[in-house]
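Input: structures, listed below.
Look at the two complexes coming up: chain A is in both, with chain B in one and chain C in the other.
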Partner chain A sequence: MTTTTTKPTELEDVPAATATDKRRVQRKELWRNRGLLLPAVIFLILLTQIPFLTTIGFSLTKWNLLYPNDRAFAGFDNYTSALTSGDLWPSIVATVLITAFSVVLALLFGLLFAMLLDRKFRGRALARTLMITPFLIMPAAAALIWKYSMFDTNIGMLNWLFRTLHLPVVSWSTEHPMMTVVIVLTWQFTPFMMLILLAGLQGQDKGILEAAQVDGAGAWRTFTWITLPHLRMYIEIGVLLGSVIILQVFDPIAILTKGTGGTKTLAYLLYERAFIGLDVGQAAAYGVVTVILTIIVATIALKSVFKVFMAGGSR
Partner chain B sequence: MNSSNRSARGALVTLATWILVLVFFFPVLWMFLNGFKPESLASSVNPTFFFKPVTEGYQLAMDRGMAGYLQNSLTAAVTSTIISVLLAIPAAYALSIRRVKNVENSLSFFISTRFMPLAAIVLPLFMIFKTVGLLDNIYVLAVVYGAMNLPVTVWMMRSFLLEVPFEIIEAARVDGAGMFREIVRIVLPLVLPGVAAAALISFIFAWNEYFLALLLTSSAARTTPPFLGSFVDGRGQFLAVLSAAATIAALPVIIAGWVAQKQLVRGLSMGAIK
Partner chain C sequence: MLANKRMLALGTGVVAVAMTVTACSSGAVQSGNGSTGAAGGAVTLKVATVNNGQMKDMEKLKAEYEKANPGVTVNFQVMEEGDLRAAVTADVASGAGQYDIVTIGAYETPQWGANGWLVDLTPELQADSSYDVNDLLPPVRDVNSYNGKLFAVPFYGESSILMYNKEVLDKAGVTIPQNPTWQQVADAAKKVKTNDMAGICMRGKPGWGDLFAPLTTVVQTFGGNWYDSNWKATVDTPEWKEAVGFYKQMLDDSGEKDPVSYSFNECLTALKEGKAAMWADASVAASMLEAADSPVKGKMGYAHMPVNKTKESGWLWSWNLAIPASTKQKDAAVKFVKWATSKDYIKLVGTKIGWSNVPPGSRTSTYSIPEYKEAAKAYAPITLDVMSSVNPKQPGVNPQGWVGIQYVSIPEFQDVGNQCAQLVADYLANRGTIDDALGKCQSIAQAAGDKHKK
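Now for the complex of A and B:
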C-alpha cells in the first residue's frame, strides 16, 4: 500500500507521563475508533452475512414449502439436481450473456457519447442532462415503457418505424428475447458508462493532446495512443461496477420476457423456484451459485480495479 | 485544413451529437407525451405527436391507488437513507480520519457486501420476517434497503472525508474538542455536500428497487415498482395510464439526478472517481 503514515491517531497532545499510561490511552483510543465502525459492521453482518450463511444452510436442505414437514439435510442434492434438471446451466449462460452483451454495448455507446459530449458546443449541459435520464428512470418503468411503447407489435414505435420503412414487423420479446433485454439494459447503462468515462476525459491533460496534434498525429491515433490508455482505469471501473449490477438483473426479465427464450437469469430462476415453485432448498442453491458467479466475475475485474479504489483513498 | 472547413465539420459533429442524444432520449420523451394523451390516441397504431393534452391518464393512475404506493416508496427511501447515513458517518470517519487498524480489511468488507447479490440473502430474510410476522412492513423493507445502501454510503462519505485538511482537525483537537464535537461541529459541516450526495444516491437506489419490494411486501407496504410491474398482467388499452404512472414514479429520481449531476459519478463509482 502507498499509505504514507501521517498517523492521524498519534496522541501528541496527550500528556502521557509513562509508557504504560500512553499505551493504555492508545488502547482506549483504538477501541473508541472501533466503536465508530462497529454499528455499521454489525448491521451489515446481521442483514447480509448471516442471511448469506443461512442461504448456504438452506441450499443443503431438502425443503419445499408445500411439504413443510418433509425437511431434512440433503447434502449437495440441490446442486446435483440443479445441474441434472437442466435449469441451472442455461440460466448461468443467460446471466453471463446478458451481462456481457449489455456491459460491452453500454461501454461502447458510453464511450461514443462521452467523446461527443466532451466537446464544447451550444447546449452541451442540456444534452448531458437528457443523456443521463435513462439511467435515472426507475428500471421497472423503463422496461414497461420499452415493452409497450417501443417493442409492441401494434403500438410500439420501433414497429411503426419498420412499417413506415416497409420492413416486416418484429415481435421483439418472442422472436428476439435476448436482444430485447439487452437493448433495454444497454439503454439504461450507457449513461452510467458515459458519466464514468466523461470524468476520465475531463481529467485528461489537454497539453498532451495539443502536443500530439502539433506533432501531426491524426484524430484516430491520438484516440488510440493517448486517450484510450488514459481511460483504462475508468473503463475498468465501469466494467466492474456495471457487471456486478447487471449480473443480478431481475426487473427487465420479469417485465419483458418472464424468463422465456433463454433469458432466465439466476435472479429470475431463484424467484420462480422459491416464490412460485416454493422449493426453498433448490432456490437457495441458485442463490449460492449467483454469489460464486459474482465472485468469479468480480475477481477477474476487481484485481486491477481494487488498486485504483485504494490509490484514490490513502492519506 | 482551413478554419472555415474545420468549423463546418464541428457544426456537423454537433448536429450528429444532438440527433443521437434525441434518439436516445426519445423513449423518455414518448413516455412523457403518452401520459398526457387520451387513451385512444396513446394506444393507436399510428403515433400522434401533436395533440391537446389531457390529464385522464394521471387521473386513472391515481384511481388505481398510486398515491399509497408512492407514499410507501417515500417512507422506505427516506427511512433507509437516514439509517444508512447515520451508520455511515461514524464508520467513514473511523476509516478516514481516525484510522482504525486494518483499514483495508474493513474497506474490503464493505465493498464485498456491496457486491453481494440480493438473491443470496432474500430467502432467509423472507423466512425470518414471515415467521415473526414482519412481512409486508414498510419499515422492515427500509431496514433492508439501509443495509443494501450502507456500503456505498460509507465508501462515498469516506472519499469526501479524506479531502478534509488534517490541519483543521488537528486545530480542533488542540482546542480540546471531544470526538463527538469534532465530528458534529468541525467535520460534518465541511463535508455536508458529501453527506447530501451520499444521501441522494441512497435515496435513488431505494426508490427504484424492485426485487426485494416484490418479495418482501404484498399489499399494505407495497411500493411503486411492483405496482408498476403489475401492469404487465393488464388487459385492453392502458398505455396512457401506464405512461402517466411511469412518469410520476420516475420523476423524483430524475429531478434529483439532474440537480446532483456532479455528485452522481462519485456516488456510482463509490467515491473512486471524483
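Now for the complex of A and C:
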C-alpha cells in the first residue's frame, strides 16, 4: 500500500548506512553468489582436475601396457624421453601450422559467405542451412568423404576435374599432406566462422550503413571502415574458438595422412604413443607437456592479442 | 575482466587436459562385468572376438553348440581389431579373468604364451584323436607355438599371393609364371600400365599392418630382415636399401598414384574398378575378387607371392582362439575352442551358411572337401599351396630369433613398424632420402632390440 507521497518519508527513516555495513552486505552477497556457483565449480573440478592429476600420476610411472607386470615409479624419465626424442618440436610446428592455416582460411571464407548470406534473397534460409552442413557432419565422416569422393586419384572429383582440364592428376595425401588436411579442416570450419560473423553482421546498425552511403562511401570503404571494425570482436571470438577446436584435431590426420609429411599434430602424436606404442607413461608425459604449453600460449595470446578480453575492452 | 581471462585460460587448459585424458585412459577402462561362474551346473562362457565375417558366423552358429551342450551359454563380445587388442591385452595381462576365450593374432600368441598368460592346449588337443591336431596347417601351428607348446588354435589363416587381371595381361601379351620373381612382376607392371590403369597396386599407407605387411616380405626375400639372430637391428643394410628402393621404383614406374592413401581396401577397390592390373596382398582378397558382385569375377589369375632370393615370400597370419590362464572354466572353454576349430565346425559353416564362407587356412582337410573345392576353385588350391610351403621359422635368407613372417614377435614391433612406416612413406613421397629413412629406422629398431638381447 505504498503511495508516492509516503516514499520520501520511508527513505528518510532508513538509518544512514555506514561504510562497514555496506561492506558487510557486499560480502554477504558475494558469498551467496559463490554458494550458488559452488556445485558447478565442484563438478568442474571433479571432471577436469582429477583426471589431470591422474594423468600427472601416470606420467611419472613407467607403464607400458605390453609389459603389464613391469610397472614402477619412473620419476621424470618419461619427460626426459618426451623432450629428447625429437618428436615434440616437429609436432608443435605441425599443430601450429595446421591450426593457423585452417583458422585463417576458414575465417576468410566464412567472412565471404557471411557477407553473401547477409543480403536478402529468395531461398536464403535454404542456402544458410546448406552452408552449415559441413560443420554438422562428423569429423571422421567428413575426412572419409574427402578421402574417397574428392581426393582419390581414380574416383575423386578433384582429380576428375583436373583430368577434364588436361591437368596432371594430384596425389593429395602423398604429395601435399599438409594442404590435404588444411583443405578438409577449412571446409569443415568455414560454416562455424560464417555463423559467428553472420551474427555480427546482423547486429550491425543499418542506419550507419545508410548514412555512409548517403555520404558517398563506396562498398569497399564501407566494408573496411565500418563493417570490419564492427566485426572485430566477432572475428576474435571466431579465431579463439576455432583455434581451440582445431588444436585437438585428429580425424583427418588419422584417415588421410597418418601423420606423415609434417602433419603429426600433438593430438596425433599422443594417440600414437598411447595406442600404438601402448606406453601410458610416455603418452601422459606428452599430454602434460602439451597442457603446459597450451596454457602458456593461451595466457599470452589472451592478454596481448585479443581486444575482447582486455580489461575495459570496449570496442 | 580478470575473471574472464582466467576462465578462458582455464577453459583452454581443460580442453587440452580432456585431450590428454582420452588419449591415456584407454588401457585402464574396462567395460562389462566379471565372469558369473558356474552356478548350479550352468556355465556361461565369455568370448572376445574380432568383427571379421568368419567370427560373426561363429556367433550365429553358437546356438548349435548350446543345443548340443545343455547348460552352456556362450556370450560373444565382438570388437574392432584395435579395441579387441587393447581390451584383451589389459584383461589377460592383469589376470582379471573377464574372458574365458579370446581371439588373438599370430603376432600375440608366442609372446603371451611365453608370458604364461595362456593355457597350454597341447595335451588336451593331442589326447583327442577325433580333433586331429596334425591336420592344422603346420606353418600356422608353428606361429602359434612357443617352445613346442601350442597356445592358441587357428580359427582361420591367410598368406599373401599375387593377384592379376588376366584379361588385361593377356591383351598386353604378358604372362605371369606360377612362381614369379619381383623383377618379372615389376617389368609386367610397366608393360600393362596405362594412363587410366596402374600396373600394380601395393600398400603405401603408413602403419605396421599396412605398408610393412607386404614390404617386410619384400625385404625378407631380398635378403634383409629386421633383426639378426642376436637382436641386432639390421635395417641400415644394403639389402634393405635395395628392397625399399625397388618397392619405390616399382610404385613410381607403374604403381597407383597416391600410395600414402592406399592399403588393402583401397587396392581392392582399384582392382575391382579396373584401375589396377596386379596386386600382391592377403590371400583372403581373392575370395572378395571372386565374390558374386565383383566386376572382375572369373577374370583374375593368381600366383605365388613374387620372390627374389628366397623360394617363397608369402606372409602368414592367423586369427586364433586362446584361453587366458585366468579363466575359471577351463574345461568348458577348451571344449568350445575344440568345437569351433574342428572339422565338423567347418562342415557346419558350409552347410548352414555357405561353402565360400568357410574359414580358410586353418586345416588341410578343408581343402579336400568337394563342396569347398568347387566354391573356391579359383583360389583354394594356391592358398593351400602357399600356406603349407611358407616357413615362418626362417622366411628370409638368414636365420632369425623369432617365429613369424611379416612381423617381429616382440611387443615393441607395432611401435617400431609404425614409426619406420612413416619414415619410409616420407621417402615414397619424395620428402626424404632412403638413407635418412633407414638410418632413423635403424636406431628406432635397435632401441627395441636392445631389450631382447640375451
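The rule is simple: the second predicted complex is superposed on the first by the 247 of 315 C-alpha atoms of A that agree within 3 Å, B and C clash if a C-alpha of one lies under 4 Å from a C-alpha of the other, contacts with A are read in each partner's own complex, and residues count from 1 in each chain.
Here is the rule we use: contacts are C-beta pairs under 8 Å (C-beta built on N, C-alpha and C of every residue); 3 or more make two chains touch, one makes a residue touch a chain.
It should be emphasised that the depicted structure is a prediction, and the values quoted were computed from it without experimental measurement.
By the document's definition of touching, of the two partners only chain C reaches A:276; chain B does not.
In the superposition on chain A, contact of A:174 is made with chain C only, not with chain B. Once the two complexes are overlaid on the shared chain, A:290 sits against chain B and chain C alike.
Legend: residue contacts after superposition of the two complexes on their common chain; A:214 is shown touching neither chain B nor chain C.
Look at A:237: by the touch rule set out above, it reaches chain B but stays clear of chain C. By the touch criterion stated above, A:19 is placed in contact with neither chain B nor chain C.
Contacts of A:259 after superposition on the shared chain: chain C is touched, whereas chain B is not. Judged by the touch definition given at the top, the superposed model places A:72 against neither chain B nor chain C. Of the two partners, chain B and chain C, it is B that touches more residues of chain A. In the superposition on chain A, A:165 makes contact with neither chain B nor chain C. Taken together, the two complexes place residues 44, 48, 51-52, 54-55, 58, 147, 154-155, 244, 247-248, 267, 270-271, 274-275, 280, 283-284, 286-288, 290-291, 294, 298, 309-310, 312-313 of chain A in contact with chain B and also with chain C. The touching residues of chain A, counted against chain B in their complex, run 1, 6-9, 13, 30, 32-34, 36-37, 39-41, 43-44, 46-52, 54-55, 58, 112-113, 116-117, 119, 121-123, 127-142, 144-150, 154-155, 157, 160, 187, 190, 192, 195-196, 198-200, 234, 237, 241, 244, 247-248, 250-251, 254-255, 266-267, 270-271, 274-275, 280, 283-284, 286-288, 290-291, 294, 298, 306, 308-310, 312-313, 315. Residues 1-2, 4-5, 8-9, 11-21, 23-28, 82, 86, 89-90, 93-94, 204-208, 256-261, 269-270, 273, 275, 411-412, 414-415, 418, 422, 425-426, 428-429, 431 of chain C touch chain A in their complex. On the side of chain A, the complex with chain C involves touching residues 44, 48, 51-52, 54-55, 58, 64-69, 147, 151-155, 169, 171-175, 177, 240, 244, 247-248, 256-261, 264, 267, 270-280, 283-284, 286-288, 290-291, 294-295, 298-299, 302-303, 309-313. Residue ranges on chain B touching chain A, taken from their complex, read 10, 13-14, 16-18, 20-22, 24-28, 30-31, 34, 42-47, 87-88, 90-91, 93-101, 104, 106-111, 113, 115-127, 143-144, 146-147, 150-151, 154, 158-159, 162, 166, 169, 173-174, 179, 204, 207-208, 210-211, 214-215, 224-226, 228-229, 231-232, 239, 242-243, 245-246, 249-250, 253-254, 256-258, 261, 264-265, 268-274.
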